[in-house]
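In what follows, subunit A forms one complex with subunit B and a second complex with subunit C.
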Partner chain A sequence: MFRKNTNLKVTITLVFTVLVSLQAFSQNNWNVPADKKAKNSYIKFDATSAGQGEALYNKNCASCHGNPGKGNSMKTLNPIPPDLSSAKSQELTDGELFYILTTGRGVMPSFKSVLSEDERWKVISYLRSFNKGYTQVLSKFDPNKSKLVKLDLSYDAATNKVTVKAVANEKSGVVVLKDAEISLFATRYFGRLQIEKSIRPDATGLAVFNFPKDLPGDKKGTVELVVKVTDENYGEIELQKNLQIGVPTDKPSLRADRAIWNVVTKAPLWIIFLYSLGVLVFALVLAYLVFSLSKIWKSGNNNQK
Partner chain B sequence: MSEKEQKPKKKSRREFLQDLGIIGVGSVLAGSAIFAGINYDKRKRPFDRSRVLKAENELLEIERADGSKVVIPKEQNFTYLQQRGRDGLEGKRFVMVIDLSKCRNARKCMNACNNAHHLSEDQHHMNVLKMQETKETPAYYMPKPCQHCDNPPCVAVCPVDATFKRQDGIVLIDNERCIGCRFCIAACPYSARIFNWAEPIHTLEEENMPYNVELNVPQKKGTVSKCLFSADRVREGKLPYCVSACPNGVYYFGDENEDAVTNGTTKETFRFKKLLEDNGGYTLMPELGTHPRVYYLPPKGKDYPFHDKDKEEAAEHLG
Partner chain C sequence: MSDQLKADKITSDLLRSIRLNKSFLVWMGFLGTALLICGYAYFLQLRDGLVVTGLRDYVSWGMYISNFVFFVATSLIGMLISAVLGLTGIKWAAPLARIAEIIALAFAAIAGLVIIMDMGRPDRLLNVIIHGRIQSPIVWDITVVTVYIIMSTLFLYIPLIPDLKICYDKLDKLPPFARNIYKLLSLNWTGSGEQANLIKQTTRVIAIFIIPVAFAIHTVTSWLFANTSRVGWDSTIFGPYFVTGAFVAGTAAVIIAMYFFRKNYKLQDYITDFHFDKMGQLLVLVSLVYLYFNLNEYMVPGYKMKKFDAMHLNSLFVGAHALLFWSVQILGLVLPIILLIFKPMRKPLPMLFIGTAVLIGAWFKRYIIVVPTMEHPYLPIQNVPLNFKVYSPTLTEISITILPFILVLIIITVLAKVIPIIPVHETIEQHEENN
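Let's turn to the complex of A and B:
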């Protein structure tokens, strides 16, 4: 135990020194909070997780960071995205990598809404597969505990408020998830629109959100709401519910009005009128010509007689 | 009388020979008629028969006279993909927001677009321009796709109904109808359209691939092409190729009817109207009355420098 502790101390000192030197040389310090830094993965880093992580990495990270160890990161960016298999990057703890991936900063985008927690850990698993000296410290978190959580969502039309209740039915009794982060989203065609900011529930497990009055719903005003709860002990839990709380929206097709660029049947009336008039005038002129010619022919016949 | 009564009973030799002759000649005639009939059927020339192609791609030969029995299907001007591409998605009005303060000329959008639409390197549906208005104002990068105008001059001038606007706002080109007159290129004030002067790139995957209006692949020589707002991806609920390829969070894409746009990089969704209001959103050349569906956020508060190598190009026109 003693040996292990000294090793830990040495590692922490080493990491600290490296971080300080990093800050001094390239001002690259991410200032990861201590509790986030110590965070560990509940997913075991093995060949399977690394394989899944590789696919995610190639899709989301490789365009800037390049392939690990190949040195083909995007050099035009400032700062240049580091090779994540390098010793410098591998010195970061799992928690730090997770924090950086989650929050992002400056050029580095946040992947909070892009990758789920599982997916983020899998990407880190892939990166760790390039570090032979790495041994994983598994988190004590049990992902099965999320099944104990019960979420409830209700809407009060008078105050225009959405109330979320988050409790866990433990064997010892009902536990309020008072440290959880609760977010409310409205589903849109390409993604989830967050309603207000993420909040923590009160002592009774209730979180209240002010729902905007002007949010468009479908034809009947139905909006699909999603509640997402993130808790250190219980993980990520979601609840989906359709409520008729949006503004009923039924906008006509953009081709509905008559316009010069529209199809023939939707041409502007003045074009239809002028075109028809033109055809009519042309036909009348032709008829007049024929009529005149026949008159000349008739008078010629009369003269011969 | 007895002789008279006996006559019909017993035929004379002459009568017998007469009957024999009639039967013989008759059967020869009948036989030869059948023979000729069979032969006639065999000898029938191609002009006596019609060829009918079944829906299962099977060629049948039928009597010309039976031709009237064949039901001719109602003429269809468009294939399924063409008609679907023309109709668009119901209840949607797609919009794009481009945040100029975030573009650093990574050009990932252009690569993704060119790969998707099989464009050669010198062709662009999406182009990142180097802009500088005056000598005093700073230079910035400006990605420029087709503006998908609500009052599109390009569609108004098309003489063959090849380019059209859909109910969801996307302006597309059907290169099966395009005659390559390039009126639309002349009419577009944003220079969004390109012409396939040379034989376009054809990849192996294009073989046996039906022409998809929403992807404009396979491209065709002698036709016009332009940004399609990735109509094929949008149909599946996915963000356009350029939007999801951007590493810098420049693009937002969404549905105006839902009042929401989603960032392609962070996948975060924002209220469309509020995003424009908070950041001073604008459209290009509003004085023309084209009503673009692409909105820009000004290059305000950039946290990166404009690349030195691009400065000359941006200031070229300033003299």
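Let's turn to the complex of A and C:
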């Protein structure tokens, strides 16, 4: 009986160990597609781009990964976020780093809609600045090509649809960006709210999004829309446009009325009343006491005379 | 004839302490030296900032704020003994009223300083008044503490007026300037019926008025905590919990003071075993009430163990603060109650030890209220060094915490040196009434 139990324990321990190591293995293996792995940056990794990347890193990455080389990543996460200046991390290609940063997985969030492509490459530029043996292979991609792209955004009130048109005006003629990925966002207080999923345009270059009927806008119902187009050949292009398609919303500011949290001139009346009453009562009692003391003094004076 | 003799004896007994003697100078020399050492620690804090303390982002209220609460608490005793017992006609407390008032005034006056010691930039103190918000309990606290200091000063001073005249008359060996101060402060006291009535009336008015003020000062201090939603502070009974706790601390302080005044000033005829017996009973009473509030404060959330409360309570009951928590509750509260139920324990010497244990317990109780909660914020603590999470006071900080105690002892010593600590006029009156 005892022996059997021990065997069971050993088996459980073994299975558990295998499972844990398998999990760890799968987490370390990102399976980046070959074409993505070979992708290179069109931004030159120099002191300028690394400097800009450092600011982005500190804002977006340091809270989990810690400062490169300091070993202060957040140990409570599983898997523990690696030190990105370590030899193991630096073995990854630029394309792999870019892919991981873009797609994310599990505890590692996707930075696709948080950082622009330029910004993502700048973060990698910063990480490469810790690798003395690194030499950059620049991509042949010409970021200026994005200037050829023309985006258009329109709204149809009858069907409540937002239509995005994405074409490039090449010398050879108008090219439809049919392989591009098109995303629509509405700007909110904190970041962008994506409207539906990212889609590819149809053969005529049109992408149609169903716009929600209940999205709050400003006082007039204005919503700032952002279209983001990502294309292998043309890079990343954005268009911003204000449309009056939201629900007009006019909420008074939290600082408009008298409230506990407001400034002293907008304190609640009951607090002002009670506080003043307390101070007034004290002042009266104090006045009475001082008056009594002066009476004692005067009375003594009279007696002495 | 014998009455006159008796009155003369009372006067000379009670005024005997008002003179410079060697032991006073030695004691003041000791306090002065200690003040210099602790003052140097405060100089370091002024020069380098609060980084010299163990206070960090999470535990930003440590020993200093515990100290502040303790000082405000102890100062409440003046109200209990002089006002509550006085107004209800409890005669035995009369000789102790002035000791209680001196303690109250000293602790209340220094409490304000303790708050300033907690400020990294005390030069910006004025901003609290210029930019203070009437909605903030801190502003209420500053207001009521100021009111209480003024009221306590008057509560000490007005019944003292006849005694100041006696001091002027009898202490003819003092230098003229000192006698003139007594004369000036005695406000032409002649002992006429009109003056006696005025004193009686005003003392009564203060005695009544100081009760709500004293309740306010410690209730508002408790609201500095209870008006937040932090675990361990988010409690509706914090006001009465603090006020009753204050009575425990203050009663213990008076007992300790009684012992030393009686011994050093040879006041065995005036502060008798009977007074110690009564104070012992009073301490049992206030401790029982405080124990009852403790039961509510810990048992009710401890029964429910809500998620965040549980984290906090576990650290108190079985975790990092358990040793301190149980020591404070048992040695500083439960054991003194049990011991003081027995009459032999209410003799002066055992009372001194019990009072000291209660007072030390009362200080650490404030520490237990302030620090563990600060270590348990609602938002998770991430990526911070260990000393941000676990508070450990530095030596400099401990010295600065001791500083206000030295100041209080200096105030008490000086006041007890220049005024009779047992009311002379009242004692004579009492004696005449009894005969």
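Criterion: the second predicted complex is superposed on the first by the 223 of 305 C-alpha atoms of A that agree within 3 Å, B and C clash if a C-alpha of one lies under 4 Å from a C-alpha of the other, contacts with A are read in each partner's own complex, and residues count from 1 in each chain.
By our rule, a residue touches a chain if its C-beta (ideal position, glycine included) is under 8 Å from a C-beta of that chain, and two chains touch if they have at least 3 such contacts.
These numbers come from a predicted model, not from an experiment.
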Per the contact definition in the header, classify A:Tyr275: touching subunit B only (first), subunit C only (second), both, or neither. second
Partner chain in contact with A:Ala157 - subunit B first, subunit C second, else both or neither: neither
Once chain A of both complexes is superposed, is A:Leu254 in touch with subunit B (first), subunit C (second), both, or neither? first
Between subunit B (first) and subunit C (second), which, if any, makes contact with A:Val285: first, second, both or neither? second
Per the contact definition in the header, classify A:Ser63: touching subunit B only (first), subunit C only (second), both, or neither. both
Quick one: classify A:Ala34 as touching subunit B (first), subunit C (second), both or neither. neither
Taking the superposition on A as described, I'd like to know which of subunit B and subunit C A:Met74 touches: first, second, both or neither. both
According to the stated criteria, A:Val107 is in contact with first (subunit B), second (subunit C), both, or neither; which is it? first
Is A:Gly300 touching anything from subunit B or subunit C once the two structures are fitted on A? First, second, both or neither. second
Kindly list the residues of subunit A that each of subunit B and subunit C touches, one partner per complex. 63, 74, 76, 260-263
Applying the document's contact rule, which stretches of subunit B touch subunit A when the two form their complex? 90-93, 104-106, 108, 150-153, 155-156, 161, 164-169, 237-239, 245, 247-249, 253-255, 257-262, 265-271, 303-305, 307
Show which residues of subunit C lie in contact with subunit A when the two form their complex. 131-135, 140, 143-144, 147, 150, 154, 158, 161, 187-190, 192, 194-195, 198-199, 201-202, 205-206, 209, 213, 216, 382-383
Residue ranges of subunit A touching subunit C (in the complex, touch as defined): 63, 66, 72, 74, 76, 260-264, 267-268, 271-272, 275, 278-279, 282, 285-286, 288-289, 292-293, 295-301, 303-304
Contacting residues of subunit A [partner subunit B, same complex]: 63-64, 74, 76-78, 104, 106-107, 109-114, 186, 188-194, 214-216, 218-219, 249-251, 253-256, 259-263
